Each structure stands twice: as C-alpha cells, then as structure tokens.
Amino acid sequence: MIDHILTLLIFFPALAAMLGFVVTKDSMRAYGIAVSFIEFVLSLWLWYAYDPMVSGMQFMESMPLIPAFGINYLLGVDGISLFIIILSTFFTMIGIASLTEKRHLKNLIITLLFLEMTMVGVFAALDAIVFYVFWELSLVPMLYIIGAWGGPLRIYASIKFFLYTFTGSLIMLVGMLFMAYFYNQATGMWSFSILEWYRLILPENFQLWLFAAFFIGFAIKVPMFPFHTWLPYAHGQAPTIGSVILAAILLKMGTYAFVRFSLPMFPDASVYFMFPIAIIAIIMIIYTAMVAYAQEDIKQVVAYSSVSHMGVIILGTFALNVEGVSGSVFLMLAHGVVSGALFLLVGVIYDRRHTKMMSEFGGIASVMPRYATIFGIMMMASVGLPLTINFVGEFLSLLGFYKQSHMITLTAGVAIIVGAIYMLSAYKKMFFGTVTNEANRNLKDVNRTELLGLIPLVIVAIWLGVYPKPVLGPINNSVESIIQLMHDKAQSPEAKERIPNLSDSSKIISMQEAH
Amino acid sequence: MEITLTHYLVLSSILFAIGLIGIMRRKNLLMLFFATEILLNATNIGFAAISHYIGDLSGQMFAFFIIAIAASEVAIGLGLLIVWYKRTGKIDLDQMNSMRG
Amino acid sequence: MELYLYIALFAPLVGSLFSALFGMSPKTNITGYIASGLLFTSFLSSLVLLNYVLGGHTVHVELMTWMATGDLYIPFGFVVDQVSVVMMMVVTIVSTVVHVYSVGYMDHDKGFNRFFSWLSAFVFSMMVLVMSDNFAGLFIGWEGVGLCSWGLIGFWYHKESATWAANEAFIMNRIADLGMLIGIFMIYWNVGSLQYDVVFAEIGNLPLVITTWIGIFLFIGAMGKSAQFPLHTWLADAMEGPTPVSALIHAATMVTAGVYLVVRANPIYDLIPNVGIFIASLGAFVALFAASMALVNRDMKRIIAYSTLSQLGYMFVAAGLGAYWVALFHLMAHAFFKALLFLGAGNVMHAMHDELDPFKMGGLRKVMKGTFIMMTLASVALAGIYPFAGFFSKDLILEVGFVEHHYIIYTVLLLTAGLTAFYSFRLVALIFHGEERYKLFGIHPHEAYKFMLVAMSPLLVLAIIAGSFKMTYYQLVTNLLPSTVYHVHNEVTFWIMTIGTQLFVISAILFAYKKYSNWNSVPDGTSKMENSFGYKLLWNQYYIPKFYEEVFSKPYLELSKIAWKQIDLKIVDATVDMIANAIYKTGENTRDIQNGNLSTMLRWMVFGLVVLLALAVAFTVGYNAVSA
Amino acid sequence: MFEAIAFYLFAVLTIVMFTITVMTSQALYAITAMAAGMIFISAFFFILGADFLGAIQIIVYTGAVMALYAFGMMFFDTTRNVVEKKVNPQIVFVLGVLAAVMVVAIFVAPIISDNIQALYPIDPTIGNSQAVGMVLFTKYLVPFELAAVMLLVAMIGGIIMAGKKMDKSLTLMAEEEIGMMDDSYRAEEGGH
C-alpha cells in the first residue's frame, strides 16, 4: 500500500466524492469530515514513511499513459512537495470541519473533495502533462465554489478567475510542448517527465523564451503584479471555504511550480531574470501592502496581504541559494496556514454580521475576546513576529536574497514595516475602541465548530515557528539537491557564480536514483 | 489549335464561378439547389479533364462519387425542402434564420 | 546551573501562560500572585546564577535547534555571562517589584488577568533578549518585547489614544528592526554564523567598511528600541499604557535593550570608533533634546518618559565612547530609580484619579508621605547627588566624556544634568509641595496600598545604595567588557569637576524648588511665558510628531488610497478588463455575421474562399520570387 | 480541329445555359436550362474519352436528378415568378469573378508539376467502361459500397421526409405533443 500511497492520496478523495452522491444530506457533513480526516491521516503516514535523509523523489509511481510521446503517469514527492500535500489535506479537513455554509452543503463537500484530488495531484505529479491536467482541473471546482456559493458579483469573479488563470496556463502548456520538443531534438526520445527534463541543458536563449512562457502561467497563479487583479475579486466573492483553500493552497501552486520547473530547468534564465523578478516582487510587497492599507473590507485586506507575502516568497525563490529557496518553500506553508486562518477568522465574523466592512465594527475585542485573541495571534504571525511560522520563512527568504543584492533586500525588507502598518490598523479598526455599532453589542464569541478549525491552526502556527526543524530539514535536503543541480547545469559565468556550489557538502544524492 | 488541360480547367472555373454567383444570389431554396448542381458539375469537368490529360482513372472515379453524392443530396435536400414548404408555405432563405447566433 | 537558567528563563513564561488561561474570565487575584511568585522564583534563580558567575564561571546551554538550512544554523542557545547576568538581575528585580505593585495598581481593572499575562510574557521576552547567545535569539526577544509593549500600551484598548500609541510604537520599532535585520543578514553572510562568540572572534578579520555597516545597521535597531532621535516619538506616546508598564518597559528594561545591544556587540563597536563617536554624539543630543522637552511638559508621566529618553542618551554616550561597562552600570542604576519614580507616579495617579497634570496637584506630601519620600529620593538619585546611585553612574559618564577629550559632549551632558535636576524637582515640587490645588477639582487623594509601598521599597534601597556595588560590578563585567578605568588623573581637576557638578545640580534643584514649591494656580495658557516661541516649540515637542503626521502618515494613507483606487482599479485591473472587453466586443460586433441567414453565410463562405485563394496566390508568387 | 470546335461550342452552350439557370426568375426556365447544361457537360466527357462517365451523367443527372427536381417543383407554384430580394448584387458578382480569376490564375500558373504519375494509367487497349469497372471494384471498392449505402440512406430519408405526417416535425415538438400524437394515432387505429 505504501508503494501506491500517492495514487491513493490523489484518488481517494475523488472516489469518496463520487460515493458522496449517494450519501444522505444529513450525514454528508460527517461523511466529509471522515473522508478528509482519513485523507489527512494518510498524508501524515506519507510524512512518517518519508525518509528525510534522502533528498530525491520518494514513493515514485510510474505507469505509461501515452508511450509514443513519453507521457507517463508519474508521481513522487520530495521535501518540497511533501509538506504542501500535507497542507492541502490539512486545510481540506479544517475547511470541511469548520463549514458553516447552509446552501447545498452536499454539493459543496463533494466539490471540495474533488478539489483536494486536484491539489494533491498537482503537487505529486512528476510528469508535465499529468501536472498540467491537475493544474487545470483544479480550476473547475474552484470556479464552481466561487460561482455557486459566492457573493453578489460571483459570476464576474469566477469567470475572471477562470479565464485569467486559464490563459496563463495555456501559455505554460505551449512552453511544456516546446520543452518536450527540445528534449526530443536533443535525445531523440519523447519525454514529459520533469526529472528527465532536469537533465537537459538548454542554450541560454531557448531558456529565456521557455522561462518566459512558464513564467506567465505561474505568475498569474501566484499572482504576481501586475497579474494579481483577479485575486481580490475571487477572494471578495468567494465563500469563506473558497478563500481559505484559494489562499492556502491554490496560490502555492504557482510558487511551487517556480521551484519545481523554472529553477532547475532554466538556471541561466533564472539568473538572467533574477533582478527583474525581484523588482516585481518588491512592487508586490510594497505596493500591495499599500493597497491593503487603503482597503475598507477586512477580507480584501487579507487578500492583498496574500499578494504582499507572495512577493516575499518569490524573492526567496529567486535568491537561488539554499537559505532563500528553503525559506520560500517554508513560507509557502507558513503563508498557507496564516492566511488560511485569517480567512477563516474573517468568515467567523461574516457569519455573524454578514458584512466585512471594517467601519461596521470596532470594539469587538470586548465582545468577542477569544476571537480577538486568535485573530491577534494570527495577525502577529502574518506580520512576521519571531516564534511564529511566518517569521522563519520571511527571515530565511530575505536572508537568502541578501546574498544576491543588498539594496533590493533592504527595500523588500520594508515588508515587515508596511505589513505591520496595514495589519495593525485593520486590527485596531476592528477590535479596538468602544463598541459603537449596536449590532455588535451582542455578538457571540467563537463557537466550538469554529474553534475546531482555528485551534489546530494556531497550534501549527506557533509550533512551526518555535520548532520548524521537522519541516525545514526535509525541505532543506531537497532544496540543496536542486541548487546543486542548478549550479551544475548553469552555463553562464554569472549563473555559476550566483548559484552556490554545494558539492563539497557530501550528502547530495542524485535526483534520479532515489528509490 | 490544340485544346489543352488549361482550357478545360478554365472552363471548369468559369462554370464554378457561375455556380458561386448562383448560390450567393439565390434566395429561393430550390434555385439554390440548382446552383449547387452547377458547382458539382463544374468540378466534374475538371476531374474528367485531369483524368484524361494525366492518363489516370482516379479523376473519373472522383467524378462518379460526386455524382452519387449529388444524387443523395437531391433526394434528402428535396425531402427537407418539401417538409419545410409544408410547414411554412415558403422556401425563402431569408425566413430561415432560426440559427441566428 | 542549567536548571537555574531554565527556571529563570521560563518561569515568567509559565506565569504568562497561566494568566492567559484566565485571560477571558473576570479578575482572579490568583493570577497576580502566581505570576508574581514565578517572577520571584525567576529572580531567585538569577541570584543563584549571579553568585555562580561571580565565582568566575559562565553558563552556556543550547536548548534545541531553531532554524537550520544550508549553512545557516540557529539554535535556541542561552548564555549567562557577566553581562547578561547583570541584565537578568535588573530585569527580574524590577519586574518582580512591578508585578507585586501591579496586583495593587490593577486591582479594579477588568483586564487584571490579561494584564499579568502580557506583563509576564514581556519579562520572558526580555529574558530571551538578554540571555540569547546569538543575534537571532536576540531578535526573537527584541520583537517579543515589541509585541508585549504593543499589547500593554494598548492595554486599555477602548481608548483611541492608547491603541494609536500602541500601533505607533510597534510600527516605529519595526522600522528600526528592519535595520537590525539587515545587520543580522550582513553578519551572517560575512561571518557565516550568528553566534556571539563566533561573530566576535571573526569580526576583526572583516574589511572595515563591512564592520562599519554592520555597526550602523545594528545601531539603527537599537535606536528604535531605545527611542533615539528620530525614532523617539513613540516613547512619550507610550505613556498611554498603565503606569506599571511604563515603569517596567518604558523605563527600566525594554528601552534599554538598545544600550544592551551596543554593549553586547562591543567587539564590533570597538573596531569602528567613528560609529561610536556618532552614537555618542547622538546620545548627547538626545539627552539634551529630551531634557528640554521635559522642562515644560505638563504630563507627569511624559516628563518622566522624557527623562528616561534623556538618560538613555547618557547611556549611549558612554557606550559610544567605548565605556561599555559604564553604560551598563548607568543602565542598571537608572532602572532602579526610574522604575521607582514611575511607580511613585503611579501612586499619585491613583490618588488623583488618573489626573496627570502636576499643576493640578500640589501639597500631596501630607496625604502621601511614603510616595513623597520615595519619589523625592528617586529624583535625587536621578539628579545624581552623592551618595545616591545616579551619582556613581551619571558622573562617571561625564568623566568618560571628559577623559576621552570630547569636551562638547561633556558640556552638553553637564548642562543636561542641570536640566534633569530642574525638571525632576519641578515635578516633585509641583506634586508634593505648595497649595493643595487638587481641591479645586474635588479630588480626595489617598495613599496607595501598603504592600505596594513595601513592594517599591527594594527599588528605593537599590536606588540609594546601587553605587556601592560599583567595584564588585566593575570586576564582574570587565571579564567580558573592555576594562578601561575612566578617572581624571589630575586630582585637582577631579575634585573641581565633581564638586562643581554637584553644586550645579544642587543649585538647579533649589531653583526648581524656589520657582515651583509655592505654585498656587493652574496655568491656563495665557501667561507670557506660555505664549513665547521657545515654550511653544518645546510644548509641541519641536513639532516633530506633527511633522511625522503630515509628512509620513497622512501622505502614506493618501498614497495608499491612490494606489488602490487609481492604480490598482483604474489602471492594472482596467487594463485586464479592457483586453477582455475588447475580445467580448469583437464577438458582440461580429455577432451579426451569425444572423442565421444561409445566404449571408454563403457569401461569407465565398469571401473566405476568395481570401484563401488570394493568400495561396500571394504566397506562391512570393515563394517563387524568393526562390528565383 | 474538330475537338476544338466541339469544345468551344459546348463550352459556350454550357456557360449560357448555366447563366440562364442562375439568372432567370422563372423556375421552369431554370430547370430546363440546367437539364440542357447537364447534357452539354456530358459532351465534354465524351470528348475526354470518359464514355462511361458521360453516360452516367446523362442517366443520373439529366434522368434521375432532373426528374426529381421536376417532381419537387410540382409542389410549388412554378408558373409564378420567383421573387427574390436582391441584397448587394454587385458584391455577388465581384466575389464570383474574383474567385474565378484566382482559380484561373492558379491553374494557368505553371505550378502543376510535371512529375505527377498516373496511379491507374488508362490502358488504351481496353474500353473505358471496362477500365472504370476494374478500378472501381478493386481500389475504390469500399468507397463504392459506402456510396451505395449512402444512396440507400438518402432514398429512405427522402421517402420518410416527404412521406406521412410530414406536416409535423418530431424534432420541433415538445414531448407531450408527441405523446398526444401517439395517442391520437392509436385512437385512429382503434376506430378502424
């Protein structure tokens, strides 16, 4: 069973979703929680069985799909994808457990389970086509969630979300096809296996074009400035569960893909585009933080803060050294936990008051002290306070990029200031002061269902902030092998210089020979 | 004065153009069918001529199949035409716009 | 000894978590007792550790790994050495006193439990800050105290001014923290480690320019926490918090973290005397600058806050001039008498029902004898009168300035010493002497609880006798810090300086008494002095808060709104929508082609055929032309 | 020489006939002209040596197809002028002429390469019909059979559509209407 754990992880929720159609409406919630819990336990088992000392792919599965073109059903996890998979299953579980939605609950849970399949699939896929299929499939449940359970502008928001990201991924698909073509030209064989592609050393000008093609697909997903405008609409209109999954997992697909595709496949292009991308990252960090500060809707604050944090992730990714990339991968998890929790928290207040405008609130802290406390913890985590999960990621990301450029890091470091500004002022508007709005006077504090979702997130946010080693260790090993691969593949002298050589640090194991 | 393949092809083109003018100009469905017959025949001439000048029977084969198709087309087309006429009493193209997008 | 270390470190955390458990329930005195008890435990452990360190040992433990990736390795490592043990003593003594005091002070507050949770959490962060054996751990504590400071300044969160001040403090500290973070990055990439011992051993091998930058960036961090100009405005506003908080955080411990950082990083600053001069100059400037603002202020707590700021300036002068042990000594002495002063002010506030204007008090010595004695003695210590603690530490700084031949700094500090004495006794005179002006406002003051006064007494004792520890202290810390002795060699000069300073200070005190001890009216803003330019300038804190408001806060908000409404919605998003709309409109406009009319479709078909044929012809012609 | 005369003669006749077909507003003229044109076209086939094709042309087109049209026309009022709305007639001619010019340009241009090889060369020793039969039943057997099926389908389709209840379209009716129709049908049967 452990040999096929990834297949099981991917298709178990889908199968359960199919069976979910015959489950009665009343027991659907319990069914959903049970299924997502089993899935989560499975993913924990994956972690347990994962050998942290091996840097390469583990639990690899292969089955030919279209042998003529080298398209295989190829799965595997390494330290980078392992935890994002766990994060996906974790958040699906948390999301279903804390669902407060009343309308078409059954359909919603089935949709969520399908979404879980696509998310796990994206992070486990090692074949470009399989990856692409799951990548695109993930749009469908999300489109459905926003479009069916969303706010008043849901149709516009969902179509914008779908078309925007879809356009990007089509360009990415073209890039993939070209990559396969180049592989065919170089070796005479067809292959869509990412691991095979890693071995291919492309001339720099090819790399630049392919990098650009992949970049657009990923950048829209992340979303990077100036492709970010779908996000506020999607978050603004999506139901709580949609925002949670979108922020926690779906956005991570973009940054994950950068680490999985762009970096190891195009090391020279990565170095070539390092500074332009860093500039974009800085714009994302500062500009969207400012936009977040100007928002009147608490959910939009969190939405824009996501973009701002994604900027730090991008910066860490393009630091192209172990510290930075490990930090960015860790920050993906951290941001998933924190922004997911923040969206859940916004959902809590929205359920009570059916508004998200900050001007409607004020002084909530005295009415809902538990809520204020949890929100405060998560806000501080989002601001990047040490000993919370975000700090580890942000610290490492910025630390990594400092090696590449002092000035850019200094500018990007403004993130910790502007982040504090919008978060604290939003928190002040919501929670501090006296209760002025009568409607807020008798709000109920967070109930047990909501705590069920929030408490684990708080625990994770602090646990991984204090003791990130169990996660950071495997990430570090896999990132080291990627960085070493990049260094070995790099051709231009600048790239050789910018990407550190780790080969003296012995423990590198070739990507292909693991398992 | 040798008659070459080109002569035939030009003739075929002229007839084809006449057919095109017909299908564009005609609003009466029946008349439209006539024009399509002209188109088919124009190509038939071309096929037969090429067959002759290259010395290959394939051209004639194609012409056969075209004739077969023309026959079926007439059968089905007229059937539809009659159904339509019985329903509406008209066979004017301008009135058949239920496929409007 | 490790056990004592962990007890000293984690006892406050346990107290904090325990109080947090009751954070949302109504007041339970038990939280206050438990938290105070645990703090006292922490103090006792620190005492044991002090004893151990006095024996010439140090304790260094590594609890566990925190971050490890690539070459980076950051453990949770804690060290108790000569410097940190002094800080631990200061922190635990003051915080124990403040905890016990708070049990009385916060007696009637709804957020009693929450208060102790925050306060103990602060002590924990502070302990992490001083005990960490690496810069990252220091940064944890650094941010941790910032967080607790935020929570405690904004403790009365229903007050707009309090929450505003809390956010201001946090954000300003963040600005400085960025500098510190960059300093840490520089250290890591140049040294390869963040452990103090490794860094200090390697720092000499670095190019001087890099060391300089490291020193500058670390000092930027210190400037924020210690509220040095231009990041000083938050400290005065932070007085919105409960008074014990001001005593503990904004006088004794957190604000001195910057000094501690410079002292701790002395091997770095030793290499870059130019930065040291800058630090000293800035310190001298801030000392005078803050003292000048304290002269006219009419808010009791703000006056003490400015005095704190001023004393921090003194400390930075000492630290900047390389007299690290002197800086640390003044830090310690200052912690005692300043905390005492604040707690006394807290008593007065309680008595006066949160009235802060000393002009509305007067004659309180009759009803608040204990507080009167304590505050007076604390002020004497602050003024630096022999044989109180301030004399030994503050005069030493003056001597340092003199011995190091920075006469301008010396003069400024001397002047500031006079100002300090003046405004301190202005406050004492206005509060405790003269007519009982409070009667105008119908207030019936009363002395604080007995146990609060008892709790304050250790601080009083220390404020009086701390100077006598000087030699023990000196021998202790110079194991780690440069052991330069600052002494004016010429006997005559020394005595002239010492006695001169004392006379100057005493005359300033007498002047203050003379001017204010018989004050009989509440100023209403009409007197000539209150309308003079100088007074207004000082009253408005040199218009700096206003300047920040106008130049940074408001434009930032405006710019943010523009970024959202103009750029994001009208440019970025509109561009995307424009592309989408263009496609949509194209479809809409060409929809007429699909009018369902077969005839039209046939025409389009023929048109397409013609186009394709034309293309075929054109390409063929073109191709032939190229190949020919 | 004879060939040339015949070609031009028939060419002119065909063009004239077809032009009439396209241009006239009398349905009867049109069908008559077209039948004539078809016959003239078969003349080309004879000239080109495709005797069998020519025969088929006359039989199928002029015989079957034209007869079908004639029957079809019996449904309509053929004596009346065909009234058609003319929209932008010049565009029609321009497009038609342009298409012709293009095609001619392509045919005239020396692009038909010389290296086309005959796959099924015409054997002069055997007659056209025999040759056609040999190719048709070997290489083109499957298409031939398919064509046969197609014709069958067309025949059945034509019968069905023009047959009973052709004033009702099942595809355009709602389900209930169909159900009702079935009921009335059964009722009719029961009545007998």
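Miscellaneous remarks
A, B, C and D label the chains in the order they appear, each numbered from 1.
The rule we apply is simple: contacts are C-beta pairs under 8 Å (C-beta built on N, C-alpha and C of every residue); 3 or more make two chains touch, one makes a residue touch a chain.
Model, not experiment: these values are computed from the prediction.
Between B-D and B-C, more contacting C-beta pairs join the chains of B-D. Taking the mean of each chain's C-alpha atoms as its centre, the chain lying closest to the overall protein C-alpha centroid is A. Centroid distances from subunit D, each centroid being the mean of CA atoms, peak for C. One simple way to say how far apart two chains are is to compare their mean CA positions; for subunit B and subunit D this gives 6 Å.
In terms of their C-alpha centroids, the spacing between subunit B and subunit C amounts to 92 Å.
For the pair subunit C and subunit D, the distance between mean C-alpha positions equals 96 Å.
Each chain gets one centre point, the mean of its Cα atoms, and the points for subunit A and subunit B are 60 Å apart. The set of subunit D residues that touch two or more partner chains comprises 91-92, 95-96, 99, 103.
Of all residues in subunit B, those that touch two or more other chains are 20, 24, 26-27, 94. Multi-chain contact residues of subunit C, defined as those touching 2 or more other chains: 599, 603, 606.
Every pair of chains in contact is given here: A-C, B-C, B-D, C-D.
Subunit C makes touch with subunit D in their complex at residues 599, 603, 606-607, 609-610, 613-614, 616-617, 620. On the subunit D side of its complex with subunit B, the touching residues are 1, 3-4, 7, 11, 14-15, 18-19, 21-22, 27, 30-31, 34, 37-38, 41, 44-45, 48-50, 52-53, 56-57, 60-61, 64-65, 68-69, 71-73, 75-76, 82, 84-86, 89, 91-93, 95-97, 99-100, 103-104, 107-108, 116, 118-122, 131-132, 135-136, 139-140, 143, 147, 150-151, 153-155, 157-162, 166-167, 169. The residues of subunit A lying in touch with subunit C in their complex are 160, 163-164, 225-226, 228-230, 287, 290-291, 293-295, 321-323, 326-327, 363, 365-366, 369-370, 373, 380, 385-387, 391-392, 395-396, 398-399, 402-403, 406, 409-410, 413-414, 416-417, 420-421, 424-425, 428, 431-434, 466-469, 472-473, 475-476, 479-480. The touching residues of subunit D, counted against subunit C in their complex, run 87, 91-92, 95-96, 98-99, 102-103, 105-106, 109, 111. Against subunit A, the residues of subunit C that register as touching in their complex are 23-24, 64-72, 136, 139-140, 143-144, 147, 150, 154, 157-158, 160, 163-164, 167, 170-171, 174-175, 177-178, 181-182, 184-186, 188-189, 556-557, 559-561, 563-565, 567-568, 572-573, 575-576, 580.
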